[in-house]
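What follows is a set of structures for review.
Two complexes follow with chain A in common, the first pairing it with chain B and the second with chain C.
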Partner chain A sequence: MKKKVLLMGASGSGKTSMRSLIFSNNPASLTTRLGATIDVEQNHVRFLGDLILNLWDCGGQDAFMDSYLTTQRSTIFQHVGVLIYVFDVETNEMHKDLEYYRDCLEGLRQYSPDAAVFLLVHKMDLARDRDATFEKKKKDLQEQSDKVQGPAAIPVTVFGTSIYDESLYRAWSSIVHTLIPNAAVLSKHLTIFAEACSATEVILFERTTFLVIATSSPPSANLEPTRYERTSELIKAFKRSCSRVREEFHALEMELPQFSAVLDELTKNTYILIIVHDPAVETAALRLNVRMARRKFEQLQGLT
Partner chain B sequence: MSSPPQPPQPKRTTSSPGLTRTKILLLGQRRSGKTSINQVLFNALPPKQTFYLEATMRISKHPYDTVIPLEIWDCPGNITVDTLGAPLSDFSALIFVIDIRDLYKQPISKLVEFIIAAYRDNPQLHVEVFVHKAEKLQEDDKIENFRQIQERVQDHLLERECEQMPYNFHLTSVYDHTLNEAFSKVLQKLIHSLPFLEDLLNIFCANSSSPKAFLFDAASRLYVATDESPVDAATHNLCCDYLSMLNAFGTLYQLPAATASRSRIPASEPTPDEPNLSATKDRFCPSAAASLHPSMPGTTLTYHLVTPQLALLALVPTSVYEGRRGLLEYNVVFFREGVQEIWEVENQARGGEDNSYKY
Partner chain C sequence: MPSDGDSFLPRIQSVFYAVFDNSLGPTIVYQVPEGLIAVPPPNANTLATPVTEQFAPIEPPGLTARNSSTSLVSPSDARPTSRSLYSPQKRSGSSTRFLFNFDDISKYVIPQSQLCGRLVTCSTKRHRIIGFPVQLKGKYQRNYLRYNLCFVFERGADLSCYEPVVRKVSRVLTACEEESEFLSSPNTSPAIHAILEQLYEDLNSYAETSIPIDRFNSIELKIFPFYPNPPPVKDWMVPLALINLDKRIEANWDLTMVKVCRHIDGVNHVSRIAHLADCDLALTRLAISHLLYYQVIMTIDIFQYSNMYTLRKNIQTLAVEADVKEECGPYVTKPGKPIPDWPQLLHLYSRLKPGKTVLEWMVKHEIHELGIDVRRFTSFGVIKGFLRRVHRWPVLLPSEPGTPVNEPKRTRVNSLSGWAYSPSPVVLPVDLSPSQILLRGRAPQTAPVVPSLSPDLASPPMPLSPRPTPATVSAATPGRTRRASAAEKVLEQLRNRDIQKTGGSPRTSWIQYTDPTIGITATTPTPQDSPIRAVGGTSQSRRQSLSFLPANPPPSPVLAKATISATLTPSRPTLSPSVSTTTVPRNGRESTPFPKELLPLLDGEHHTDELAVRFEAGWPLLEQWLMAIGGGEGPGDFGRVAMIYR
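After this line comes the complex of A and B, so read on.
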């Protein structure tokens, strides 16, 4: 996987905090200790085993930004798979932010015209009227992006995020989804698996970050729309609690009045969550199915 | 980013008017954290939202049913013994909340007044002092302030010649598990049937190879009883976190009400001619298990809901859970029946309606 994931945005907007939370499993409270990123911090993050996210966390201070856009321009903007640009919702310098953003988008168009662009409006927990603020920012950003791009526009996706709730998981799950080569194939097989288990839904998570990789085809029933990212957040938080007692979370099964669920390891870098609403299905049967499907999924991920 | 769906609140309070509730007083200065404690523990308020709570203007009596029926009196800051509206002898516990940063005279002299009144009117009253908002200070300052407050209370009581009244200090915060631990200990002092519950837990642990088990009130995450092995804070915190995770998970994948026909709780109530049958055979009891893998042989954290309010949380070696699951579930059945019997007797003794146990 040679393509880069560029993480850019103004100084103090929250780029390194996001990295710390999602990829290093640190709790949100620890991000207060992070200092300013100097120049570019390159991290090769192993994702799904063989997928390597070449994450470039670019320091946001003006001096660095100017250098990226001039002397380091080709180095930074070549071979980019995804650009993630982070905006602090509370910034006083929106004008300057937007100017830098437009310049970066220009650089991207020049060197990596096929890259996907994600805009994160971060620190949403500080915004007073979240929905209204987000809608306005989204409109502004869409306008700015349209100014730079002509007819061959790179589609831009905007998310509102905060490290204190599940919104960050939703944004990052969508981002990594674009980087997984066979997401559609995985989805198809998960749907087959769901039928075999009489399950309402089956979700595949990446083991370390617990970002959603793929899901079975959406169930006809009206389930809570934010359930994926909230599951990521809940499990991540529980894993952290376990590590505080020097234990390591392994698997979970539950039989609740509303549904039954099994969360277990599928391959060495994925977890599977099976949700069943049929009261006749036993969790032991689900676990057996997971065991039997393991080989197939390892094959799909190129692990065998 | 949308607010989480509100779970369908289980009926937390019985409606029988004759029920004698154990009353707990929440006192302290303005903005010390009384309402915050009440709301976070007994009304599922997320700790971050306590910032937005408004001042309590009048006494609010909050009923809450757990292994015993409680009534928590959340009082405004300026309440005195005379303006309470009820004699101190009506209460079983008095929790005085002091903001840890508040080293001035006022809260301490208030507390002392109440202790003296309690000594006079109700020497059996459990007086507990919560030195609250501990998260606001660094470790050293925390310990220093805690010590200073304790010393001042002691000195004042000595001056007023009232040093015989027992009282306890706890360092608490809504942002971690210290509040749960402290309130759990207070709650346990109020449960007369505690020795029986502990006995049940001891027998369960002995017969299930479990090194530790708790009987938790599922919604408030307070533990009402535990077995005789020492309580290690880390294990307690893990169990609290496990319980919050399960509570939150429950609402995520539930089907909307229209399709609730797939729910497992039997919809039919026991008929009048066979009240004792109470569908024992068809009753469904929620359970869960999380397996943990450290370097030693693994541990499984099990959860069984034994009454609609109470959950048994036990650490069980994974080999026992996987190899002897049937025996474990068998033991849980007896444990459950024991707890239900105790609940029924307690309920009857307090003048509750005779509802033989039903979901």
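After this line comes the complex of A and C, so read on.
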């Protein structure tokens, strides 16, 4: 199944950097070497076996934007699954940005009325007062979106992101989550699995991007809300270090006084992370469970 | 060939410099002449009168003004980048001047990385744009500087001479940018406009320019017309000067060229020139080739009274052209004689037909009385292009029905023509039954010529006819399949009749190939019983490699494919050693001795001019030889040598 994801935004707002970080696994420092995107760059990312994300990274210069809205209008805006619009938090051309944004939303409504819209306020690491800035921006954007959409409004979700921390992973995980067809089913099964392992939580990650696909139902305990994205970020950094010594990362087992964790391959394109706080449970047992559950999950993902 | 001898340089319609602006995207920074290429304004103000089509391809509904505060450089006047409202009249008034929209081609002017660093040409409906996009890595805001300096021409222009110019300009600009940030720094970038202007003016007017860029760099350009490669020069071609060569000769010219030029008079053919000028033939050919390249000479053919000419289709248009009508009379008339008028000359031209020699034509129309110089008459027609020479292409047909050795391989053709010029033997087995020849109407294919049997050749295997001779070895390549066609059967019958006429014996001893050294390798079950010489092992192998016909071809001429058949009616059992190589004892008649090397060339690939020059024989002598070869009975009858007029 193919889903078209439109990645648009002002020029220099960070679209290609995001793409490079999440989908190409480059570290954030390397993104400074990227050049400007000429017209549209298309990527096909295989996600979860049968889900292919057709990512359209659209250059943000005026000439390109004008062309997307006029000559290429139908090509760009047809069959879109998700529109991700990126705003640079530091921009001094907010007016122009918003204007283009409204036009794009119009175009989207015209050709793909069922598409989901995510707004990313990017480069949040440069904002001085992060939370306040974000809240203000979020309000503004909501207003603008409502202006365009009118009665049949598409819900718009706003995230604040930066490539230098885990916020990007959170945003993208949510985005991808909406594209996965059977997220709820996966969640249910993960919950059952968590119970079987006496685990606190079980998280399902996508193999290459390490975006969170599904999780078991959140435990009652008070856990850090940003744990998912932070885990993603940490594991990705670890994978990169492994590749630097020319080794491939396969699995991770941790036994610490506070908890035990097992990160292992579940299916061809997913990883599973099991966190257990019960000291009696051994990691070997967890791995055994993973082995036994593998087939079921493969079936769920339609791989068998 | 262009009549003026010069190649035409297309005119530059516009030169522009485009850059990828970090916020505007691909934009034209400067263009000369101004305003010819439409650039969409950054603000499309809905309050203004709807813009003309040139400005925006589609006017989207509700496109409001955008507050753009950026602009790369102060643009030229016509570029509508300022935010002020334009008077609609101004825009619509200049709309007719626009060549095209930049939007249409912007993706080829500033393309993706894969196309950068290559010459990129794109076309719009009426124009062609050639440029060399550059992606320069450096300390720029977005890590790369992308730019392109393009030239705009008419769509049908031939841009081959501008390609090196575009490349060089780009190279020089890149070097300047790398050294001193010439293109990106705001101090020096206005100089680009001046450069564009100078390029536009100088290249159009003088086809060369020299533009200093800064203290160390300059653009030096000169456009050289791009001529195509000349056709190969053959020995029998006659060069004719189109300009006064003697006036152009300078002291530092190549010696051969100087010597050769003196003898170019429209009468001497290349090998004659080589002889007269006392130069090596190969060098002479090269010199003529050079002159052809620069289009200062043209080639016509050797004039003989036995030539045949015919009118070409373009006579319809050329007959009414003033220069043809006026020049013909004075050119063709002998001095001191009254000049005939054009209708009369045209009538005479139309009487030239293939099959009728010039001599016959002269006699019939009493050209002599008219005082027309026939050589100039025919050469005038050839030069102007409405008359063309009809060559004779002799093909030697096999004498027997079953003879042909066929080389079904099509690849033979190449080897055959190559073979003509080299002494290497072998006949290219071209097979083709005469029927094929006739059917195709193209000489080369069918001549069942005898394989080269020059004495100097090692016994080449003979492809050929299936003559049965147990003595012969070299079986031809085995397993060639032959298919007889109905036409072939008819031909066979005809040939049978021929044979009857000539006494039945296929042993047309004229087969020279009865050279004792030549082995006949065919072993075909022909009725002939003449002994065939066995071929030595070498010839055998050679034959194999040539893939000659199978040893036992069926009696009927079967030709799998038409290729040049250089097979002689083989099986000439007549290859008996008793036959002298040069005589053709045919039915006991005396014949003119002819050179053995001639035989292989009778495959339809070489016309009589070529043969004449090669053997240094005029047509009368050549005619006699051909009659001797073909066993003709009287004048005009070439016997087995078929003449193709083409």
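The rule is simple: the second predicted complex is superposed on the first by the 302 of 304 C-alpha atoms of A that agree within 3 Å, B and C clash if a C-alpha of one lies under 4 Å from a C-alpha of the other, contacts with A are read in each partner's own complex, and residues count from 1 in each chain.
Throughout what follows, a contact is a pair of C-beta atoms (placed from the backbone, for glycine too) under 8 Å apart; a residue touches a chain by one contact, two chains touch by 3 or more.
Just so we're clear, the structure is a prediction, and the values are computed from it rather than from any experiment.
Chemist: Can A:11 be said to touch chain B (first), chain C (second), both, or neither?
Modeler: Touch partner of A:11: chain C, not chain B.
Chemist: In this superposition, which partner touches a larger number of chain A residues, chain B or chain C?
Modeler: B
Chemist: For A:241 in the superposed arrangement: first (chain B), second (chain C), both or neither?
Modeler: first
Chemist: In the superposed arrangement, which partner chain does A:38 touch: chain B (first), chain C (second), both, or neither?
Modeler: Touch status of A:38: second partner only.
Chemist: Thinking of the overlay built on chain A, is A:27 touched by chain B (first), by chain C (second), by both, or by neither?
Modeler: Neither partner.
Chemist: Please indicate which partner A:249 is in contact with in the superposed arrangement: first for chain B, second for chain C, both, or neither.
Modeler: In the superposition, A:249 touches chain B alone.
Chemist: In the superposed arrangement, does A:259 touch chain B (first), chain C (second), both or neither?
Modeler: So A:259 only meets chain B here.
Chemist: So in the complex, which bits of chain A are touching chain C?
Modeler: 11-12, 32-36, 38-39, 59, 61-67, 69-71, 73, 93, 95-96, 99-100, 103, 106
Chemist: Give every residue of chain A touching chain B within the complex, in rising order.
Modeler: Chain A reaches chain B through residues 124, 130-131, 134, 160, 162, 164-165, 167, 200-201, 221-227, 230-231, 234-235, 237-238, 241-242, 244-259, 261, 275, 277-279.
Chemist: Going by the contact rule set out above, which residues of chain B touch chain A in the complex?
Modeler: 1-2, 4-5, 48, 234-235, 237-238, 241-242, 245-246, 248-256, 259, 262-265, 284, 286-294, 298-299, 303
Chemist: For a test of understanding, state which residues of chain C touch chain A in their complex under the given definition.
Modeler: Listed in rising order, the residues of chain C that touch chain A are 20-27, 40, 42, 56-60, 62-64, 66-69, 103, 106-107, 110-113, 135, 142-144, 146.
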